[in-house]
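Mind having a look at this structure? Questions to follow.
Order of writing sets the labels: A, B, C and D. Residues in every chain begin at 1.
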Amino acid sequence: MTDNSQQFASDNYSGICPEAWAAMAKANQGHERAYGDDQWTERASAYFRKLFETDCEVFFAFNGTAANSLALASLCQSYHSVICSETAHVETDECGAPEFFSNGSKLLTAPSVNGKLTPESIREVAIKRQDIHYPKPRVVTLTQATEVGTVYRPDELKAISATCKELGLNLHMDGARFTNACSFLGCSPAELTWKAGVDVLCFGGTKNGMAVGEAILFFNRELAEDFDYRCKQAGQLASKMRFLSAPWVGILEDCAWMRHGNHANHCAQLLASLVSDLPGVELMFPVEANGVFLQMPEPAIEALRGRGWRFYTFIGSGGARFMCSWDTEEARVRELAADIRAIVAG
Amino acid sequence: MTDNSQQFASDNYSGICPEAWAAMAKANQGHERAYGDDQWTERASAYFRKLFETDCEVFFAFNGTAANSLALASLCQSYHSVICSETAHVETDECGAPEFFSNGSKLLTAPSVNGKLTPESIREVAIKRQDIHYPKPRVVTLTQATEVGTVYRPDELKAISATCKELGLNLHMDGARFTNACSFLGCSPAELTWKAGVDVLCFGGTKNGMAVGEAILFFNRELAEDFDYRCKQAGQLASKMRFLSAPWVGILEDCAWMRHGNHANHCAQLLASLVSDLPGVELMFPVEANGVFLQMPEPAIEALRGRGWRFYTFIGSGGARFMCSWDTEEARVRELAADIRAIVAG
Amino acid sequence: MTDNSQQFASDNYSGICPEAWAAMAKANQGHERAYGDDQWTERASAYFRKLFETDCEVFFAFNGTAANSLALASLCQSYHSVICSETAHVETDECGAPEFFSNGSKLLTAPSVNGKLTPESIREVAIKRQDIHYPKPRVVTLTQATEVGTVYRPDELKAISATCKELGLNLHMDGARFTNACSFLGCSPAELTWKAGVDVLCFGGTKNGMAVGEAILFFNRELAEDFDYRCKQAGQLASKMRFLSAPWVGILEDCAWMRHGNHANHCAQLLASLVSDLPGVELMFPVEANGVFLQMPEPAIEALRGRGWRFYTFIGSGGARFMCSWDTEEARVRELAADIRAIVAG
Amino acid sequence: MTDNSQQFASDNYSGICPEAWAAMAKANQGHERAYGDDQWTERASAYFRKLFETDCEVFFAFNGTAANSLALASLCQSYHSVICSETAHVETDECGAPEFFSNGSKLLTAPSVNGKLTPESIREVAIKRQDIHYPKPRVVTLTQATEVGTVYRPDELKAISATCKELGLNLHMDGARFTNACSFLGCSPAELTWKAGVDVLCFGGTKNGMAVGEAILFFNRELAEDFDYRCKQAGQLASKMRFLSAPWVGILEDCAWMRHGNHANHCAQLLASLVSDLPGVELMFPVEANGVFLQMPEPAIEALRGRGWRFYTFIGSGGARFMCSWDTEEARVRELAADIRAIVAG
């Protein structure tokens, strides 16, 4: 096992996919205007509008931390609050970025079922306090696919957005793995976003085979007012923007994004199918996207690490996360499954 | 003239240089740990330490807006202030980014000579006010090469840093075009930074032939405490960090950075030499780096634009800026010069 | 019951105590230098140093929201985090103020026992995560007396501060009701603060009989560097500072603060003693300071409100809070107790 | 000359006026609801609406730093900018408070004539830059009376607000000395604010004879959305609010505010008339409000200080500022004038 063998720790261990690479190479011809005033950015934006079947506002940021934080900051003021799942990435893994970008908006965590918010959990948090000493809820953010590999169905999204509308809350979707959700459901991007009441989507490019870059799509265009200034001030305006936008052209123009999503999801299903019958190994969540969460005995986890595998675990819980990528090789999945099997049998 | 003909509007109109591209291609093999825990980031950091002949702390950010703003924020608190030249990029072209990242640190502009701060101008601003109603100066930031294409000499830097030391000010260098300064002076990076008393350098990668990315070097290592957390929170930690660091390996390992700097500077000198004898055309500043600033009659400027040339002008001043890049072709410089000559003669 | 009858909703329903009022009247003679450069501010600071038996740094802010938030902000950076009890006022009732003043420091809530943090709960939160995606803990804040009317003993504080020291955490005390804690324990202010390892205390004046104003005491003087600038920038520097500091002279010079604390605590004990034997009424927490928390049947709570009493309740929990003040009349306490008794008997 | 003799350094050297004091004494009866839900706050708000002849939104903050900064923050986002005079208090004496409260909004200074902005100076700054690298102007703030003691006439205000409207800018008025402006012009508060196109006024209480407290009046009510939350989060919500609002009742109910303003203005005129004929002494600005700005030889300034007088000077300029207050005694003015006369003659 060499240093850059495929691992399952994160789908961002993978590199740049061929389609993104090719587009970057094409974009790397001659001079282009800077700061997004170039043909590639225009083309990428057009592809997004076509793909989502709507005239949305499109922006590009360097990474998901910034994309989500900027989007949330645009949906509320510092004295407002953001409702999210207790397992939401913005709450657990962003080092306070949403609070930083918004200058203090508090995240209010709501209980989730299989990583998913429900209208009830949102409502409960939203109406718990109405006094001035508590930051007024103004936004709901949900992650699609979720941090535990599950996927919101269109009717779940619609129920949530109806609750949001009723309560005066904007709805934001963290789509770091939006592709995997589309793939699992076979739904169109439109069905999973604006048609279901989502105001803003952060569509992840990095986990989709890009080097850097996320797209921020405002379906509610009014919310995008001066968002370009917001990006600039926050250090998220690329001077050579074409290298953030061209890869999107590459993966959108011939549906590579969907092929990659299908492939990653398929690998996750394969892994799950190869180990789910093992005694002492249990799926912690339904496998719907590109992640497999296994409950395993601690010694098994240790033994697996001992064989050189990298993956995330949850402290003291015996849970292990395995993420598949656009480039995951089936052989490598089988290798991992075989090792798990051997260890558990051991 | 096609759409992506070479222009002189900005050195960020250029693309990715071959050395950076090749390194990205190499880095795009297999899986790598995310968030900078990879071999490329380690190698790039080692190259920086070798190049600067010191054990500095090295960080990577996506762009110069963020790199400079984060560095400044780490050198002061929100109620402190930052002294900069009235022409400093952080003051004139960052849409309030330094104020945003620092949560309110005010920039105090000092008069400059040929775009350069002097010990006297710094001192005057630093001691003007000592009361609590004015933000306490804590940092000086200078740009090397400056926004008007001039370059600080080592003894100018030393005089400034001595003043800083005396007044309790940290010294930050915005090195978006640091390469061009090294090239012009034939000085080592160490001579122009820590040996001259600079605490932190933001070394620009984008204008050096990279797609995205700046390096932040803390020579005063204490000032770097928890800077990695600062980057993360501010949306400047790349998950696939290798694609920010590998290009540095590419341009540092065989001195491509210096060749590119030499070339861009050479083109600027060429342009200057071809037009400086023209009646009605005057150099606004000495040409020391990769920019040529020409005072020209407004009609000439208009006519030049009419021939398809893109460049920045200064409102109402008759000044035009022409920037050369790592990839500028001499033929294109001669074409531009010929057009200027023709127009002025016209 | 007239509009301004005594109530038990909050100890800030009370007015200005005679000693504070008299000091304000004295301070209201002629002209004084502004912004704290006056004799009253000097005298108040001296009283604090004498009372706390140490040469601490003393600052004044308008209210507790600001005092605590500014103090916390001075103890960490935006990418750090603050550990507090899940019931801490800074978490539950400040509308995101700590996050605002610090530009994003996240509050991490730890389980508490009777409203009190423990070394174990602090440690658990502090070491749960060590990675860069989680804000690094740097401060512990505790409330003395707590939000549920309990009081940390000196050895509890010492155990907590030992844990803090070990883990590299600063220790902040929210002392909105610090007086009541001193009164209950019969301890000196020094014993409950710096002698027990507290770095910074926010000593509440408002609940102590002042119109506005809190004092911020840095026992660790290094942490106070430029704190005056911080206050100024954050809108917490009073121009006519004497009216914030003179009341402190008034209540400190003849121990009025302690008399008031004793009185409020006594009233709480009285109330508790008058109702604790009632069937269906239970003390939720030991009564140690000036608050009494009663578990009562919802209909009883409703009936009590029906008789014109104002008090806070906890949604859906059947809990009611009754706070006593420096000016609470015993007769009014007995009136309240009688009404509770009558209703419960009802 | 004792320590608290009347001085002319600042109008905040004065104390609490009798009317404000009496109202505080009245308010200090029994218990009142906290956080502004009390009868005094309601009455003060009603007085403001009556005085300004419009149904404006009224808020109270502790001081002018906060009031102005919060108001400005509510009128723009962090990536917007605020146009102000180069002599504006928000620019020169707030230690970066506007930038802090807004999380980075840049102040753009415009040249002023006698301390006053003009439509032309505003326009020039507002349209200078239209690109994304420069924070988009969204607010104009002017100070009435200005920092140099001059006063905007209604038609000057109307011309400015017309320009604001045309350019999409909100108009904020820093009214620390609004009373003095009304007094000088004999205009109604309405004429100098909303009837002239002002969106928000910060009406200073401190310089008007209060201990602490400013009122923030939104004539454009939409701009006040959730402003109460903003105040709370920023540490500007007083728990015992009645002591911020009652003094306003005291000075508004029988026009004390105007009497005080008249008196202070009268003293300034007196001072000016007593010294303006002196050789070597010149009025720097027309005396329209309560300040007198004298150009005097440096030795004269030194000599005046030597006689125990306190006043502000402008570094290296030979300028001295003398401010009169609600409580300034004519005898003291004559004393000062006599000393100036003696020194100059000397």
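Convention: a residue touches a chain if its C-beta (ideal position, glycine included) is under 8 Å from a C-beta of that chain, and two chains touch if they have at least 3 such contacts.
Protein names from UniProt, one per chain: A, B, C, D = L-threonine aldolase.
Keep in mind the model is a prediction, meaning the values are calculated, not measured.
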Interchain contact steps from chain A to chain C (minimum; 1 if touching): 1
Chain separated most widely from chain C, comparing mean CA positions: B
Distance between the centres, which are taken as Cα means, of chain C and chain B, whole angstrom: 50
Distance between the centres, which are taken as Cα means, of chain D and chain B, whole angstrom: 42
Centroid spacing, where centroids are CA-atom means, of chain C and chain D in whole angstrom: 34
Set of chain C residues in contact with two or more other chains: 78-79, 94-97, 100-101, 103-104, 132-133, 135, 229, 232-233, 237
Residues of chain B touching chain D in the complex: 78-79, 81, 92-97, 99-101, 103-106, 128, 132-135, 315
In the complex with chain D, residue positions of chain C that touch it: 2-7, 9-10, 12-16, 21, 24, 27-34, 39, 61-66, 69-70, 94-97, 100-101, 103, 206, 211-212, 229, 232-240, 243-244, 310
Partner chain A, residues of chain D touching it in the complex: 35, 77-80, 103-104, 132-133, 135-136, 226, 228-230, 232-233, 237
